[in-house]
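Okay, so chain A shows up in both of these, paired with chain B first and chain C after.
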Partner chain A sequence: MSPAQLASLVLLIPLISAAVIALFLRRQGALASYLSVAAAAGIAVASAMLIFGGQRNFPASVEWLRFGGFAVSFGFKFDDLAALMLFVVSFVGFFIHVFSLGYMRDDAAKARFFGGLSVFMFSMCGIVLADNLFMIFVFWELVGFSSYLLIGHWYERQSAADAAKKAYIVNRVGDFGFLLGIVMCYWLNHTVNLTELAARAPAGGLVFSRAIPLLLFCGAVGKSAQMPLHVWLPDAMEGPTPVSALIHAATMVAAGIYMLCRIQVLMVPQALTVIMWVGTITALYAAVCAIVQSDIKKVLAYSTLSQLGYMVAAFGLGAVLSRSPDGYTGFVSGTLYDGPAFLISAGAAAAMFHLTTHAFFKALLFLGSGSIIHACHHEQDIFKMGGLAKRMPWTFLTFTVGVFAIIGLPFFAGFFSKDAILFLARQNNIVVFWVLVFTAVLTAVYMTRLWRITFFGEARSESAAHAHESGATMVIPLVVLAVGAALSGYGFFYDHLLGGAFKGVLSLVPEPEGPAHWMMIAVGTGAMFVGASFALGYYRPAAVDRLQAAVPVVFGALVAIKESFDRLYGYYVAKVQQRLAVLLDVIDQVLIAGWIVRGGTTVVGYLGMGARLLYSGKLYAYAFWILIGVVILWGFAAGGF
Partner chain B sequence: MTFPGSTEGLPLLSILIFAPLAVAAVAALIRSERGLRWWTLAGTTAIALFSLQLWTGFTAGTAAFQFVEHATWIPGLKINYTVGIDGISLLLVLLTTLISPLCVLCSWSYIKTRVHEFMLCLLVMETAMIGVFCALDSILFFVFWEAMLIPMALLIGVWGGPRKIYASLKFFIYTMAGSIFLLVALIALRLHTGTFCIPDLMGQQYDPAFQCWVFAAFFISFAIKVPMFPFHTWLPAAHVEAPTAGSVILASVLLKMGTYGFLRFCLPIVPYATHVFAPYVLWLSVIGILYGSFAALAQSDLKKLVAYSSVGHMGFATLGIFALNTSGIEGATLVMINHGVTTGALFIAVGIIYERLHSRELAAAAGLGRFMPVFTFFLGAFCLSSLAFPGTNSFIGEFLVLSGGFSVSLLLVACAVPGVVASAAYNLRMLQRIAFGGTHNPEHHDLKDLNFREIVTLAPLLVFVFWIGLHPQPFVNVMHASVQHLLAQVGAFPR
Partner chain C sequence: MPVAVTLSSLQEIAASNQWAAIMPELLLAGLAVLVLGFELVVPKTYRALIPAIAISGLAIILLGVGIHFHTTFLNDDTFDHLLHHSDGGQFMRVFFLLTAILVCLLATVTLERQPVPKAEFYHLVIVITAALMLLAQSNHFVMFFVALETVTVGFYILVSYFRTSAASLEGGLKYLILSALSSAILLFGIVLLYGVAGNRALPGATADAMNFGALRGFLAANPDNFLANVGAVLVLAGVAFKIGAVPFQFWIPDVYQGAPTPVTAFLAVGSKAAGFAVLLILALDVFRPLQAVLVPVLSVMAVATILFGNLAALTQNNVKRLMGLSGVSHAGYLLVGVIAAYREPLAVGAVYFYLLAYLLASFAVFAVMAHVSGSDDADQDLEHYANLARERPFLGTVLAIGLGSLAGIPPLAGFMGKLLIFIFAFKAGLYGLLTAAVVGVVISIYYYFGWIRAAFFPFRRATGLAASEPPRPVITRVGFPVAAAMVLLAAGSVILGFYQGPLGVWLVSR
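On to the complex of A and B.
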């Protein structure tokens, strides 16, 4: 099969699955779930053939709409960047599908859930394979829609329905910046095709503008939940846990970072600075918020925000192409420029590297939390858990691997990818470096706190006391992802196990050498050690948060920081927007009322006195007035001849 | 302009224009209401199928008017019966013939009194609407334009809701006021050129001041019809009181006459004034988008909600038209068609709710999705279309309009964005409340899901939502040459 056909297959399989479920299997939940999982397996196989088949940048494009000089096409751009992202989506996606089989076994609306998952896989693969910005946008909206469907899966709960709506609308705000960016890119560069844009860069044929990358970045701010549009992601935890793992941790929220890497060629230094700071602040802010959460999924949600902040910051720290007589070089570690096909900087590579390891360990952590929530009969408060290490050994073991990976314990995945980002920051911006190091300390604090309180001590509720290990469909994905979380930081994992398929991206990940190397290891490990030992020493597996009980002022302040944005937006929606809407309505009513009361003389001044005469309520009078008007005009006209 | 005789073969347009009247004449003879409904349905469906000949016979590559028929009508005043269509009017004629049978279907059980008169009104409306889009003589245009008014006012005034008389009068006075300005402009042009023939009015070298006066008269007339802010206040009142079929015709076809008027009269006849006024009209459009979308957020009456959303959507149409470039005008034409499809469908959906609950309050409809899954599916698709979701018809239209507006001013487009976000908010609010939301309403338990007739009513519109959304090329192809020609006419006059 040709690579273009394989790529089409990757899109077609989930689309067919979704269509069949929607049309025929709405009442056959079990069949729908098997079909959806089979589709995910099909995607994984087809993507593997595509990724490891070695073909890159094959031409595949069809024109969708053309008039005059304007043309929009649909096509594939498959380079190492797309290959890496597709690997993450299809591989992690498949295991989350398997996990869902167990997790959603007793759900009444299984068919809707699995249909939604297939729609999601279709749209996510579309983003990955798209060869132009317009096509990315179409699938971008589609993932937003499937996210809406899946967050609102348990729509009987008002909070779930509200969260779904909030997610869609907040994303829509970012998406319109994105759309404007696409339009602007088209008007200035006459193309939105990624390959063509990259091809124009060396010839100097690209119009650079600060507005284009920043408008496009708006899309990433929405989808990757960066400040100030981050508010939807914690609420999105109302969705079933596998959805949180797949969409709101591993893949969709990372699409913003992927998209940024895709448009690397359009970047200018000022835009990169903005991006860097947005990412850095989000990383710090979210880590602070995570410390005071008591809902296991909320902790993980804020942790996802924080890690996405790392990725965005990494991208922003990356090099801008600087034109030199020899060609293109970046500031740090070089920027690989390989003909028209490929263009990526060290910052993008570091971001993608962290995206990959994060996909493994965060999906693992979410699925682990899912396994716990399932066992505890949908109890999500960590202070009502406790003692789960003994009762759920597999979950405990794999979750522990996930925790090690995220806090950056040496030799686990997060250690390597976070180090790469910290090193980049150390080279480029020392303030960002220390903020990110401090965030790493906080990361170790909140993850260790979560781990300690959830798994140790005595069971603090009925449901935790009767928890038992989940079934094979849930445990096997945990084990596989744990292996990924352990290994995905190593070069040999990609070079040997995965045949070097992503070399184009990962070979550019910045790596410190010599003394700098040891310094980075010391800082990274030190941050982890400080945070983890503080949490281990301070937090006890108890029914209340020790920080809350002991220093309520600090705890309260942290909660206030967390809630400030929700309050602000809540105020906007309730007090500004709703009032504006009501005001407009009242204005309209007044215009209408004014019409009745004053007989149309003042309000419709343009009709003047005539209108009052017209307002007699008798149709024949109106006909009469037309006639008179015509006659007068006609007379006037005739006189003019 | 002299037209090369009449086209060979059948006078397709005349048949199309007068066929509804013929159907009406026969309908008047049918006694039984059941027979009458079937006959009107069969007649309008046959007309719709017949109109497909225009689609197949239309030559896409040329901007010339096609299917032209020419006959002398009132020789003394040089008024002629001239009809013909270009790519833009072709789409609107087809939209009209598509909507008409659906109006019969959605009135099937809704209209119980004076069925004969109702069907007559519908059929007279259809004649007038097709006539407006085909007329190439300005007096003929005006006659059809006015001819629509009376059946429409009757539709609202006789079969409407509790405040029907008020709404019908308001509609009548408002549009009548607009028509007077239209007539003034047409007569002024006649005095200047000595002709009523629309193509002959184009490309003349009018005095700039004269152009501005003519434009102003046209603008008031068409802006009321669109309706543009601040001429929109008749619309919610008319929609709320009108029967379902009235709302559908009003939203799907009547509003398009305003934007069609801009395209047919303002742009090609007074290009100088168009350039002068375009910036103001663009900002009015943006205000309309914002105003309509935010006002829709506050509505609890479903019909009002959809009515205000129309103000927002039509703002996109005028925004695209006065951007005066290819993607703007082609996008605007698509928005016109899309709005006809989507908003028509939403009004039919609201009518379906009203027939079951005898209420149009959002709160009363909350949660009925549980008992009407098929209905919810349709409603969901149309709401997605209304919020311009990619893959549905509205997306491509609004995208083209935005990119057309962008080339005029980034600020303009950026100001429209909150309206676009609000459109997601009000559509989701409506969909979510109806499909999922709210408390269990005991009244909903014995609700019947859509019956076969209702599915047949909505299905064609759903097909167009996705057809235009996924494969817009054929629709763009038929209008492209006409739009290019139009742009040449607008650009021809030096600023």
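On to the complex of A and C.
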């Protein structure tokens, strides 16, 4: 099978699955779930053949629509970057599907859930494979739609319905900027095709503008939940936990970072600086918020925000530093050209590396939390758990691996990828470096706090006391992902073991050498130990947050920081937008609907009645009308009118 | 005049009698006789074959015209300039044959329910079709009038064909009297033109003023002659009666309601299209020198027709009346195309395209009406359509496509028709007409969608009234040939909206 056919297959399998479920299997939940999981397996197989088949940048494009000179094509751009992302999506996605089998077993609307997952897989693979910005946008909206569908899965709950709506609306704000960016890119460069853009960049054939990358970045801000559009992601935890793992941790929220890497050629230094700071601030802010959360999924959600901030910051940082055959050299345009093939920058490589490891350990952590929530009968408050280490050994072990990975314990995945980012920051911007190091400390704090309170001590509620280990469909994915979380960091050293499939990305991951190497290890490990030991020493597995009890001022301040954005947006919506809407509504009701529409209807209605009255049914009346018409025509002929 | 000279001049004239040029019309005449003869000769048990004979005969002739579309007589006069053969005329031939086939198909549905003879109906439809085809090719007022009267007399009978129905008889009588009145006006116009053109005192006077070419020569020399102008507008009044333009549209609702549904469709499509075929010849060619008077006349007529037709259709509850009055508004849009053609000759193609889209959509709707109506053919109310789409999804779908196309909803053919006409009107700078047309379209959406809504939702009426309403008629089962035709009509309406292809190119860029 040709690579283009394989890529089409990757897209078609989930689409067919979604269509079949939507059309025929809405009432057969079990069948629908098997079909969806089979589709995910199919995607995994097809994409593995595609990724490890060695074919890259094969031509595959068909014209879809043409408006004058503007053609929208539908095609694939499959390079190492896309291969890495596709690997994450298909591999992690498949195990999350398997986990869902167990997690959603008793759900009433199972078919809708699994149909939604298939729609999501289709849209996400579309983003990964798309060869032009317009196509990315189409699938971008589709993932937004499937995210909406799945967050609101339990729409009977008002909070879930609200969260779905919020996610959709906030994403629309970012997407509007994204769309403007696409339009502007087309306006200035007359193409939105990624391959063409990349091919024209070395020859100086591109028109650069600060606005294009920044507008496109708006899309990433929405989808990857960067400040100030981050507010939807914590609320999105209303969705079922596998959804949180798949969409709101491993893949969709990372699509923003992936998209940035795809459009690197368009970057200019000023835009990169903005991106760097947005990512840095998000990383810090979200880590602060995570410390005061008591809902296990909310902690993980803020942690996701923070890690996404790392990735965005890495992307922004990497521009200036790239690796060339002579070691590290500074770059202005942020891109490195190696012969005819376009390679991504060190920052993008670091971001993608962290994206990959994060996909494993965060999916693992979310699924672990899902396993706990399932066992505790949908109890999500960590202060009502406790003592789960003994009762759920597999979950405990795998979750622990995830915690190690995220806090950056040496030799676990996060250690490598986070160090790469910190190293970039060290070389480039010392302020950002220290902020990110401090964020690493906070990461260790909130993760260790979560781990300690959840798994140790006595069971602090009825449901936690009766918790028991989940079934095989849930444990196996945990184990597989734990292996990934432990080992995915080595992909960067041993990518030849994977047939060099991701060489184009992983070989560019910045890597300190000599004394700098030891310095980076010392700083990273030090930050981790400081944070972890503080949390171990300070937090006790108790029914209340010690920080809240002991220093309510600090705790309150942190909560206020967390809620500041929601308050601000709430104020804006309630006081500004709502009032404007009411005003417009009045105008609409009175002026448009009242006078113009209803008035117009009334007039037209009367005219119609009048016209009808002329039809008396009397023959002589009709004859007279005809004669009157003749007289009028005669008048015309006589020049009377 | 010596006999020999007369004889030789007659021979000369006879030499131009190219019978092959009117082969389709001759074949139709033969078919008409065959249908009648079949009923006389063949035993009763075989009479069911009559519609099949009529329809297959028409289809064969249609095929023949299609194959010989580019005849050797194109752009030529025959029969001593009585007829002029143009590709527009060829298009109308195809159009009328298509119309006749569809009318016959509808008749197989409607006539079954009535205690009336069958063969005469098909006979008359075929005769009228032949006359319509000659009318669209006439080049001489005598030919024109004879063909027109053949059509009209045929319709007198067809409208009142359901002799047991009071509504049908009333419609027939009204049509007879008003049509006679309009023919009188038309004839008066012709006489005035003939008289004034024969006046030796005027430049360009001609003894052969009935001939279109000669008449145009005379009018070009006397564009300001009062009598000539009066004659021309009176002729146009007669044509306006056929197309149903205001203020000559008054006959339409009553006659449409009374006439059997296939006849209503024939009037709405065939008779109207014939009016436009004639109008294109007369207004754009023969009377072209009189533009200064005719353009304002037609413009006022178009605006009044669009607005009046739509407004009057708004309050109708009987779907036949509604189709009639909405047909009036379609005549208005077509008039806009005709006026645009004074400055943009390609607009003629847009008029043809509109007629074709109108044929497809109208017959789709009439076909549904033929199935929904009961034994009382005049009684077809919107309420009868309640919940049609749920009970009979096929009929509901065809109805929705037909009405959507009539309303001009993209991407259906009716939309493209309106779009083309509006584009040419815009190019010709007819902004006032364009405004009226757009307003008209907006109003029309209300009643067309009112009908669609009636078909797609259960009818809600105030409680307590339910018992007093008579039950709605039983919907007829859709037979195979009619169903196939309906599928083709609906598919045509959809496809022509997306893809006009060579047909569109041929029509609009001749």
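Criterion: the second predicted complex is superposed on the first by the 559 of 641 C-alpha atoms of A that agree within 3 Å, B and C clash if a C-alpha of one lies under 4 Å from a C-alpha of the other, contacts with A are read in each partner's own complex, and residues count from 1 in each chain.
The working rule: a residue touches a chain if its C-beta (ideal position, glycine included) is under 8 Å from a C-beta of that chain, and two chains touch if they have at least 3 such contacts.
As the structure is a computational prediction, the values presented were derived from the model and not from experiment.
Visitor: Between chain B and chain C, whom does A:R172 touch in the aligned arrangement: first, second, both, or neither?
Guide: The first partner, chain B, only.
Visitor: After lining up the shared chain so the two structures overlap, which partner does A:F411 touch, if you call chain B first and chain C second: first, second, both or neither?
Guide: After superposing on A, A:F411 lies clear of both chain B and chain C.
Visitor: Contacts for A:Q578 in the overlay, against chain B (first) and chain C (second): which applies, first, second, both or neither?
Guide: Touch partner of A:Q578: chain B, not chain C.
Visitor: Compare chain B and chain C by how many residues of chain A each one touches, and report the one with more.
Guide: Of chain B and chain C, B contacts more residues of chain A.
Visitor: Examine A:W518 and indicate which partner it touches, taking first as chain B and second as chain C; both and neither are also allowed.
Guide: Touch partners of A:W518: none, neither chain B nor chain C.
Visitor: Once chain A of both complexes is superposed, is A:V630 in touch with chain B (first), chain C (second), both, or neither?
Guide: Both partners.
Visitor: Can A:F24 be said to touch chain B (first), chain C (second), both, or neither?
Guide: In the superposition, A:F24 contacts neither chain B nor chain C.
Visitor: Thinking of the overlay built on chain A, is A:F67 touched by chain B (first), by chain C (second), by both, or by neither?
Guide: So A:F67 only meets chain B here.
Visitor: Both chain B and chain C touch chain A; at which residues?
Guide: Common to the two interfaces on chain A: residues 604, 607, 611, 614-615, 617, 619, 622, 626, 629-630, 633-634, 637.
Visitor: Mind listing the chain A positions that touch chain C in their complex?
Guide: 604-605, 607-612, 614-615, 617, 619, 621-623, 625-626, 628-630, 632-634, 636-639, 641
Visitor: Under the touch definition given earlier, write down the residues of chain B that touch chain A in their complex.
Guide: On the chain B side, the touching residues are 146, 150, 153, 166, 169-170, 172-173, 176-177, 179-180, 183-184, 187, 190-191, 220, 230, 233, 236-237, 291, 294-299, 326-327, 330, 384, 389-391, 396, 399, 402-403, 406-407, 410, 413-414, 417, 420-422, 424-425, 428-429, 432, 436-437, 472-473, 476-477, 480, 484.
Visitor: Given the complex with chain B, which residues does chain A contribute to the contact?
Guide: 64-68, 70, 137-139, 141-142, 145, 152, 155-156, 158, 161, 164-165, 168-169, 172-173, 176-177, 179-180, 183-184, 186-187, 211, 577-578, 580-582, 584-585, 588, 591-592, 595-596, 600, 604, 606-607, 611, 614-615, 617, 619, 622, 626, 629-630, 633-634, 637, 640
Visitor: Where on chain C is chain A touching in the complex?
Guide: The touching residues are 173-174, 177-178, 181-182, 185, 226, 229-230, 232-234, 236-237, 240-241, 246-248, 250-251, 253-254, 293, 296-297, 300, 308, 311-316, 443.
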